[in-house]
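These are the structures in question, set out in turn.
After this come two complexes, each holding subunit A, first together with subunit B and then together with subunit C.
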Partner chain A sequence: MKKLPLSKIDELFKALSAGQKLYIPADDAAGQAKFTVWQEGLALSQKLNTVRSAKDLFFPQVENLVGFKVTGKQIELIESRDPAEPFVLFGVRACDARSFDILDKVFLAEPADTYYKARRENGVVVTMACTRPAETCFCTVFGIDPTEPAGDVSCWMDGESLYWQANTEKGEKLTAGLSMLEDSGEEAVRAQQEKTREILGKLPLKDLNLKGFDGEHMMELFQSPKWASLSESCLGCGTCTFVCPTCQCYDIEEFNTGSEVKRFRCWDSCMYSDFTKMSAGQPRPTQLERFRQRFMHKLVYFPTNNDGMYGCVGCGRCLQKCPISMNIAKVIKTLGEDKK
Partner chain B sequence: MQQGLKEKAIQLLKDKTVDRVVGWKAGEFFYDLTPAVFHTPEEIEKDFVFSVFSGANLSKYLIAESRKGGKVAAFLKPCDTYSFQQLLKEHRILRENVYVVGVQCDGTCDIEKIKAAGCDGVTAVREEGDGLVAETLYGEHRMSKKDALLDRCAVCKSHKLVVYDELLGEQGEEQDAGRFAEVEKLERMTPEERYSFWRGELSRCIRCNACRNVCPACSCEKCIFDNPDSGARNKAAADSFEENMFHIIRAFHVASRCTDCGECSRVCPQHIPLHLLNRKFIKDIDELYGEYQAGADMDTKPPLMDFTKGDADPSVVYERGGDKA
Partner chain C sequence: MNRDPLIPMIGVVTKIRVDTPDVKTFRVVGLDGKKPFVHIPGQCAMLSIPGVGEALFSITSSPTVEEYLEFSIKKCGCVTSWLHAMDEGQQITIRGPYGNGFPVDTDFAGKDLLFVAGGIGLAPLHSVVNYCRHYRSRYGSIDIVYGSRSKEDLVDFQEILDEWCREDGINVHLTIDRAQPEWDGHVGFVPNYVKELGFDTSKTVVMCGPPIMIKFTLAGLMELGFDKKHIYTTMELKMKCGLGKCGRCNIGSKYVCKDGPVFRFDQLDALPDEY
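Coming up: the complex of A and B.
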């Protein structure tokens, strides 16, 4: 393990941003944290987490896939993907770090999504251990330890120092160029983890019970009459899906600029009325079916297809941001009542 | 207050005045109430909550609820009654199927403001005198209730319940709490400053559509932006101004029908002060067409949906404009 006095953190950021982009959580004009490109003077946010998740850096809201230009009978293909550039993503929490494993299952399964893959290969993830979890946090329910976050490098921070632990080859390589880091013992980190774990034991959602959310109970859950009341006041907005670190659905559309057809993809939301619309009509005609889809996907379909890995990391963003305060924790509790 | 509302809801269900009740349902925490339909006295007893976190405006739900057969009771706060009446005026709610219980309100709180004031990990809040005491995972924290109010409540336009079948508590009055002060601040900026203010604020938009979907004035069956056949659907912005334009157009679309209920800003996950766009239009309408409050009555026509010979000449826009250079 290595360490650095916090007074030198700008020196570290400067080194990390040499020759590549460095993203750190910084406060925006509304005082909320957002992954922002570091430049001299940008301060690290003290907030627990960013509003938009870290998935944005690997799976952006909108990206161009390819362009087409038609001249007579010739179709010219225009490469329009973003050039893959190396970057460092600093300050990712354990929940978001887990979300990359979930997204990898979707995008890196053969045939791999080359757009996503290029960003994953080019990005170095530096995580940051949590010390002040919020009442809305429940990552531990999914077996995540927020005091021991994954990533290419894991960091811990106290009032005086930053502790740095490389975990992967990429992480080692990044660390090798950082001469300001000094060797350090692990005592301070272990003591901090101990303290944080005491708080984790007090979190109100720590005992969320996922018993029965599996393939065996799929139809029973699908047909539960409780979806009606759970979904009845859903506004059908996309807030939960857009702030979610694991929501990965997208749409591919084409846009005629007049001189070229641009094929792009953009995030889509299963909560939207035109999602899954096809020529035969809309198989999910009301908000009940759309709402059910979102939670069945995360809690039943995804784990059934991925060795029990749930499509939720317990970051709590949907709990904080849903305009009507309906969320996955309420869904788990309401549907889970029948399972105990 | 909460007990009075619960008793009223139970009575209305028991004496068959209504078949169901729209209210706020208890959540996992003390603050995360969800709008809900209650069907039995037992459900009311168990989960109905009215508190400083009952901010959600229930009016828009009545468009659908009033069409589901039977009669529905709704608890509306003063500002909610303006939205309700505006929707009645637009023939969106079937009045005969709704029983409105008007409830007086001292302002509702914004949990995100409470958390931002240093109450992270908050597990309970109690009122003590004029202040709030928050219990958190990290100890107790005190703050004034004023600092915890939703932006719209801090400059509440009216304690008057403009429509109800029954009133719980006292009728109140319209009031001037300076809700245009923030607009005036923007008006005092140079056009460049104002432009950069809005570009900055709107740049945070993630186009989740929460503002549109919660807005009682946005009640089209199918929004043009959701219709793949409209040619106007924009799931992805073609340039960095497109989301900005969405909000500007939406504000125009609801101008003179917007009651200033403030739901758009309450639900914005990115804390964009969207209500300021609407409020600017309200202020302009007041100045150009005479004072007008959408939803305040059933008789008057919204100025932008009416024509009179005294209407402002379009050239007034040029005269009022900022930089003519």
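Coming up: the complex of A and C.
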């Protein structure tokens, strides 16, 4: 383990941003934390987490796939892929770090998504341990330890120092160039972890019970009459899917610039009526079916296909942002009642 | 050639055949004049006209056709209307093949086959029928029940009359919904006709058509004593990627584009009925 006095953190950021882009959580003019390209003078946000998740860096909201030039009956393909550049993503929380594993299951499964894969290969993830988990946090329910975040490098921070632990080859390589880091013992980190764990033990959602959310109970959960009341107030706004670090459904659309047709992909949401609507019909006619799809996918379908790995990381963003205060924790509680 | 799964290749529509008032069959080759790719009966491909949109279509031609791919497409939405309006020589984009296809070389081998189709539902089965005709000795008897609204709406009618009906060991049973002056064949809906014909329950059934036809034919087959394990269908849901990633065609733990579109009815029974 290595450490650095916080007074030298700008020196670290400067070194990390030499030769590649460095993203850190920073507050924007409205006081919202978001991953921002570091430049001299940009301060690390003190907020627990970014408003939007870290998935944007690997799976951007909009990206060009390919272009076409259409001349009469002829079509010409135009390469329009943005080049993947090396970058460091600093300050990722343990929940978002897990979300990358979940996204990997989708995008790196054969045939791999080459756009996502290129960004994954080019990105180094530096995570930051949590010290002040919020009431909306429930990552521990999914076996995530926010005091020991996974990543190429794991970091801890107290009032005086930043502690740095390289975990992977990528992380070692990044560390090798950082001469300002000094060797350090682990005592301070262990003491901080103890304190954080005490807080974790008091969080209101720490005992969410996922028993029975599996493939075996798929039809029973799908047919539960409780979906009607759970989904009753859902506006179908899709906010939950946009802030969610694991939602990865996308749309492919086109835009005619006048000189070429750009084919791009963008985030989409199973909460929208358009999502499954085709000229031949609409298999999910009401918000009930759309709402149910989102939660069944995260809690039942995804783990069925991925050795029990749930499609939720307990980051709590949907709890904070849903305009009608409906969320996955309520869904787990309500449907889980029958399982106890 | 670009091997990225999301990037299509350019194809050329070399022939357009008018099948019915709202179905045309499009012959597609690559820019090199050859078949764009090899497929299994029942698999699909993404076709698009840049600026209009991309959609998934089942490949109608049999894999045994070496020169081209064919798609029988009904005009019903944005992309299909554009396809119907275009002329021969038009370039389109194509990527694929997608999906599992029918188990023509495994589960179907040596079996007596019963095909049941309604309207444009013949399109995916056409590929299987012609594959089985090509390798005729690998299969037992072949029965085909095909119905449409009218004689004019029967897809591939000329091929059915000239080729399928004339082959030994293939029994074609055509029906139309309402009587027409120039029609001397059966009149009535497909599900009832299947029941009237009362097939042997040892047959393997391959079915595709409008949901209402599927529903009642399945019920009829159950009454006759068929086992759902031997009844196959092919599904259609909205799709964008074709790779099991964009999330649209997810039903339960399956993705229609990659785990389907071909399913047995006993498999569908274990999934939520959101299709």
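The definition used in the following text is that the second predicted complex is superposed on the first by the 337 of 340 C-alpha atoms of A that agree within 3 Å, B and C clash if a C-alpha of one lies under 4 Å from a C-alpha of the other, contacts with A are read in each partner's own complex, and residues count from 1 in each chain.
As a working rule, contacts are C-beta pairs under 8 Å (C-beta built on N, C-alpha and C of every residue); 3 or more make two chains touch, one makes a residue touch a chain.
Note that this is a predicted model, so its numbers are computed, not measured.
Touch criterion not met for A:Lys173: it reaches neither subunit B nor subunit C. Touch criterion met: A:Glu289 reaches subunit C, while subunit B stays clear of it. Applying the stated contact rule after C-alpha superposition, one finds that A:Val66 touches subunit C and leaves subunit B untouched.
Look at A:Asp251: by the touch rule set out above, it reaches both subunit B and subunit C. Residue contacts after overlaying the shared chain place A:Lys277 against subunit B and subunit C alike. Once the two complexes are laid over each other on the shared chain, residue contacts for A:Asp268 go to subunit B and to subunit C alike. When the shared chain is aligned, subunit C comes close enough to touch A:His297, but subunit B does not.
By the touch criterion defined above, A:Pro204 lies against subunit B but remains apart from subunit C after alignment on the C-alpha atoms of chain A. In the superposition on chain A, the residues of subunit A touched by subunit B in one structure and by subunit C in the other are 251, 268, 277. On subunit C, the positions that touch subunit A within their shared complex are 2, 4-8, 10, 50-54, 76-78, 80, 87, 89-93, 211, 236-238, 240-241, 243-248, 250, 252-253, 270, 272, 274-275.
Remark: subunit A residues 28-32, 48, 51-52, 61-62, 132-136, 199, 202-205, 229, 232-233, 235-239, 241-243, 251, 253, 255, 264, 266, 268-269, 272-274, 277, 319-321, 323-327, 329-330, 333 touch subunit B in the complex.
Residue ranges on subunit B touching subunit A, taken from their complex, read 27-29, 31-37, 56, 61, 112, 115-116, 120-123, 136-138, 200-201, 204, 206-210, 212-214, 222, 226-228, 233, 235-238, 266-267, 269-272.
Those residues of subunit A lying in contact with subunit C across their complex are 65-66, 68, 70, 73-77, 106-107, 109, 111, 113-115, 215, 218-219, 222, 248-252, 254, 256, 261, 263, 265, 268, 270, 275-281, 283-284, 289, 293, 296-297, 300-301, 304-305.
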